[in-house]
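A, B, C and D label the chains in the order they appear, each numbered from 1.
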Amino acid sequence: MMDIFLTVFSATFFVTIIRTTTPLLLATLGGLVADLSGALNVALEGMMLIGCLTAVIVSVYAPWYVAVLAGLGVGGLLGAMMAFFAYRLKADIILVGFAVNILAAGGTVFALALATGGDKGTSINLQSQAIPAVDLSFLSAIPGIGPILTAFLSGHSVLSWLAAFLVFAVWYFLFRTPWGLWLRGVGEYPGAPEAAGIPVAKVRTWSLVVSGALAGLGGAQLAMFNYVGFTRDMTAGRGFIALGAVLLGARHPVGALLAALLFGTFEAFAVVLPGLFNWMPAELIRMIPFVVTIAALVLFSIRAQRALAMRGVK
Amino acid sequence: MSMFSSFTKVAAGFLMSASIVAAAVPAIAADYTKDNPMKVALVLHGTLGDKSFFDDAAEGMKAAEADLPVSVKIIELGYDRSKWEAGLADAADSGYDVIIAGTFDMTGYITELSPQYPDVKFIDFDDTPDFSKCECKNVLGVQYTTAAAGYLAGYAAAKISKSGTLGTILGMEFPTVTDFKTGFDQGAKAANPNVNILNAVAGAFNDPAKGKEIALAQINQGADVVFPIAGGTGIGSLQAVKDSGKLAVGVDSDQATIFAGSDPAQAEVIFTSVLKKVGNSLHQALKATIDGTAPYGTRQLLGIKDNAVGIAKNQWYEKLVPADVRAEVDAIEQKIISGEIVVATDMK
Amino acid sequence: MALLEAIGIGKTYPGGVVANDGVNLVIEPGEVHAVVGENGAGKSTLMKILFGIEQPNAGRLVLDGKDVSFAGPRAAIDAGIGMVFQHFSLVPSFAVYENVVMGSEPRQGIRFDRKRAIAEVQALSDKFRLKVDPLPPVSSLPVGQQQRVEILKALYRNARILILDEPTAVLAPQEVQELFVAIRSLVAQGKTVIFIAHKLPEVLEISDRITVMRQGKTVGQVKSSEVTEKSLAALMVGREVTLRVDRKPTDQSKRVAEVRGLRVVNARGTEVVAGLDLNVHAGEIVGLVGVEGNGQAETLEAIAGLKPIAAGDITLSGEAINGLPVLDRRGRGLASIPEDRISEGLATGATVAENLVSTKLTDRRFVRSGLLDLKAIRDNATKLIAEHSIRVGGPGYTVGTLSGGNMQKVVVARELSEQPKLLLVNQPTRGVDLGATQFIWRTITDARDKGAAVLLSSADLSELLALSDRLLVLYRGRLVAAFLNTPDLTPETLGTYMLGLSTQTAEDMKPALR
Amino acid sequence: MSNVPAIDKSIRFKAFRQEVTRSVGALVIALAVTTVIVFLTSKAPLDALTQLFTAPAAKTRTIGLWVDDIAKLTLTGLAFSLVFQARQFAMGVQGQVYIGAIAASFVVLSPIGTTPFGLAAGVLAAMAAGAFYGFLPGIAKAKLGANEIVSSLMLNYIAIELCNFLVRTSLPLPQAGVLTTVDFPEQSVLPALVANTRIDLGLIFAIVAVLVVWFALYRTSWGLKLRLVGHNARFAEYSGIKSTFIMVSAMTASGALGGLLGAVFVQGQTWGKLTVQFEGGLAFEGILVAIVARSRPLAVPIVAIFYAYLRQGASLMNVRTDVPAEVIGVVTAIIILLVSSSFSVNFVSKLFRRAPAAAAVQSAAK
């Protein structure tokens, strides 16, 4: 038991949680933006995966930040493609999303093979780069809490800090800028912004572009920091977990942060637990996030029903 | 329409030539020449690029093509299990003289197919059919006692570990994987009876991010030598070792040499690799097939003395392992060959 | 010089429907200009063209003497045109001020300057005497207020020309008067108002000039002072029409339905029906009068079993039906024509035949041991199509291909294909042309004459007055007045009660509460 | 999904022709893209294309693979069609396949498996387990409003992990640590219809399933109710149809089909045992089949025939040439995109047309 406490409350475990949370959080924010604009973005998984591969390949030839931007860009491009098919050609957005996922699963392996000259498994023949960690070791100069601060705050990915900032930025954008108002209006009742002369199609398209860009950024973090390099299917369902986190987070950026943190913590636990609990089967540990998503979905729905019932509506 | 019919013609041509070849499979081994090579298919139930098992087999094929009258086609079946049997059957049906496939995942299919294609020879590496139960006269089982090599690596690891804590990471738990660890643990205990060996099962061979996290967790718990036996997952673990400045043991192939070109810093922390010399053994098996000396219908259990397993003694080994430890390891190696030391193994 | 001119406008929809065909419209500055016509005459299409939602296939628009073309609403708004739709374009969860400024927000850098927005909306509301609080979410406001939020939206964008699309349809007579006060105040401050309507008395009261449309064409422009209701109606329909139905005297002694102490609570927790008592007898039509949103729709839904009730008893032919599912209620002789045929009354993707049996899937004529009798279903459809003269290619056509009037006929045909004991009707003729209206009124009255008890709700007072035997006025979910439908009962009398300005005593109501 | 009248023949024919034109158009475009990719990547493109287009029909063995795929794609296509017709976007067929396979495996590896009832017991257990697994997201949606897309996706992952876990720990294995159970007893394996091929009783199951689903949808009141719920749930509610019951029963029935597919996988000639990740993503490809078939049960097997051919062609091309099978993922995605969009054969002109303006306002202002 002591082991768990030591592990769980250690700075390293905290750093692990931040690392596992970051890609999830970025994708969750992406899912949130799409969701509030009225589109359930089931393609987060595929967007992340393509973001991973793009970032890795670009990082071979360009500085890390260009690679991150490329991951972001390709995600945005996929979002634009979804918008084109869903809004211009009137395809069902769920089906378009799954098409993107299928495209990603096959297309990344195919593209990887082209880029590496035949490898269909991993990119380790490519000299891809990592996103630098932010070194705050100078904080340890602060007397007393300095070393603790350093242990907890130093060594996170640049994108982890960016993701934390993006929680605030997305909140600010959604609730404090005119465009956020437009986006939420489009999601809730498109007739209103349309009549107000707001280009609804454009707002929706941009929402998906932003959604994809954030998912692509999450992919870049996954493939340039959590693990440096690409392997097939390396997102391993994180995009779908992010989708659950959007709903779990009550469609609010802060909720998204908390939900992503919850799942990130579970992922970190899944890594730490086998070291501590050898009896616990790996398969069951891997089920945890999915079970939690369903449980959360059900609990949330029950709460919503209760709230209605309390007001006298059966 | 015309385009389509031309396809049909091409296809018909292809099929005809294939059947002619199939009909003309020569029974006498000596007929093979560079111009009329033995046609070999290496059927991988996955893809190339794993930087260990499959890639090593492919290397062996390259070597075989260089010095034997063989032509090799490598068939990558991918990770969709429902296509493996069909893919193997297709290879057996396509006029190859020898079909090579590996691990227990494929053994069942080889067992089923081999009686249907008596003229085709099958090499089942890293596993074997149960010859007492099947009509597999044309199958050669090739297995490796990796425990012995693992013993050497474990011994060296425990010797150079400063913390006395080692970590092993398994992709999944089955004998061909656990055998590495079984030997590694014995070797480590022999070197240091008080050694603490952490272990984790990743549950996947293709989740490097997870492999990295697990290795970081083990390092955090004090491990300073990590031995990932987990394919692509293990690649992530190696990255964690590199980032933390600890040491690692590679698996299957000489992973330090593999990384030397693309990621020298990664190579710098892999002080040795437990080698399952799949490529080498397959090369030998093909040679024996051409010579007519390969014992088809039986299983070969290959070990250190067959040069089928071992540890990589490369420049990093020289650099990272002190000379006295290296000498002890060499001595133990001789004792294993001579039978003085018996390493318990999961391979029955 | 005319402020806005539409010359020879033509619009054909992709399906081949000609909505506008050589429409001419001349709007003078500072006038209230009414555009009248039957449903389907092309008024809405013309307005959409003026507002840039639709692009015309032919003709041109001239504003301030210059040719203009609007690629979208934004362009029209920028040119000073504002529009208030019949169905409001408001985001329910947004505050009033957010709805008003959305699309033209005051900004401070990239920030939405909310303080300024609130202040500006308040100022605008004061200036035009619209009395709207900028802060509450619009979903909490009554309909009349929501409409003014829409007007504020247009004014906020500096609309010089304000298009109001059937603004009175959802309002009580007194609210209509308030709206007219507001319109006059707008005109007095230099705005121009285009007013679309089909209620002629209102048109004559508020407008300066009137353009009449018929079958996609403009058939004339007249001064309000020079026409009468009758001559205008003749112009609209091309013939003299009297919308009157004769009701036979019936035996109204048998009480079919009783509602006691009905309470309904909506999803937000507000009580929308607050202890309602009413009876409906065989052979009578009881009209539920009220401004929309005062509990009429919920009452009908509660009786039909579509909405859970918080308290109360509902009996049909003496038996309690409170807890029964919809199907059992229907089995006991209840039929219902819902408010919104497309979202509630029909499956537009399914065929006419399927729609016509959808409520009878326990009927042994159509379903035996779970299996469909396709022949019976088709024959049923063929018969009802003929009886109700529904214009459709055949039973196998999807309902979505029909016009609004014919869709409504499908609903009516299904609900009245068997004589119901209790018929619930909500807005039976909304968005339906005159011909179909007449037919639907006739059908409902026939059901009554044959002994059905009918409970009718409508936003159109003239419809209620034309059809009902008794009228019950609801205000905030309570019964505030009850009348026998006598010739001296006027819309204005009803309006007093609809707005809660006065309430009858129990004694006053008694004669009309049987 | 379906707006084709069940009754009027001439309209049905017209709509049918339209759909066929569209689907074929999408297929042609997708194949054109494939050809381009093959030419760009392959050293011997003509050979690769030849394999793609002719190999599946060239030998009895490959025809067997093709027919086997047809049967399986038909079952998953039907399962998706059922929920799509009820306008539910449940994505749970994959999970149902795994759960069904697990249930079938437990039954046939028990003593029942060696009795003459083994086969039927396994199939029925699979259908029951699949039905239960389909019921879960259905009831969660109906009673609690829990989003069925997300819940069914999560259930898929759970079922896959459960299968991994049970294969490793709870079922008899031929040797320790192997990720495959022992072979099922002969009595419990679906007999082959054509010797030495994968064509087995599963094909008959698929054909029967097509007829049953068609009959249920178009000839029973349940089917009519289901389609009415799919067209307009509020209207169905108003008509007295218990839309939640219909929704849940549709998802449960779809689950039973998914479970049946699970049994056909593991009890069939393909496997004859339970192994981890046995379906290789085929279950999900039912989405494509259902979309192209517009969720109409009789069109499902026709689409499956074409798609299975493409699928096998791609995998043979992968085995025999230098073009990877992943190309087919790209083709699949293109087909889904084109068929589910209002794409028409004059696609190009549409590409450059202005976006249809202000649809939302039109509906708001109606």
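Remarks
The definition used in the following text is that a contact is a pair of C-beta atoms (placed from the backbone, for glycine too) under 8 Å apart; a residue touches a chain by one contact, two chains touch by 3 or more.
As the structure is a prediction and not an experimental result, all values here were calculated from the model.
Note on connectivity: the fewest steps through touching chains from chain B to chain C is 2. Taking the CA centroid of chain C as reference, the farthest chain centroid is that of B. Set side by side, A-C and A-D show the greater C-beta contact count at A-D. Between the Cα centres of chain C and chain D there is a gap of 45 Å. Annotation: 29 Å between the Cα-based centres of chain A and chain D.
Averaged C-alpha coordinates put the centre of chain B at 36 Å from the centre of chain D.
In chain B, 76, 78-79, 203 are the positions where the chain touches two or more neighbouring chains simultaneously. With touch defined as above, residues shared between interfaces to two or more other chains in chain C number as follows: 72-73, 85, 87, 89. Residue positions of chain A touching 2 or more other chains, listed in rising order: 109, 120, 191-192, 194-195, 283, 286.
Put simply, chain A touches chain B in their complex at residues 7, 10, 12-13, 16, 19-20, 109, 116, 118-122, 124-127, 222, 226-229, 231-234, 236, 267-268, 270-272, 274-275, 278, 282-283, 285-286.
The residues of chain B lying in touch with chain D in their complex are 4, 7-8, 10-11, 14-15, 75-83, 85-87, 89-91, 93-94, 104-105, 108, 116, 172-175, 177-178, 203. The touching residues of chain D, when paired with chain C in their complex, are 2-3, 5-9, 11-12, 218-225, 227-228, 230-232, 234-242, 357-358, 361-362, 364-366. Listing the residues of chain A that touch chain D in their complex gives 40, 42, 85, 87-92, 94-96, 98-100, 102-103, 105-107, 109-110, 113-114, 120, 190-192, 194-195, 200-201, 237, 240, 243-244, 247, 281, 283-284, 286-287, 290-291, 293-294, 297-298, 300-302, 304-305. Residues 46-47, 49-51, 53-55, 58-59, 61-62, 65, 164, 168, 175-180, 196, 265, 270-271, 275-282, 315-316, 318-320, 324-326 of chain D are the ones that touch chain B when the two sit in their complex.
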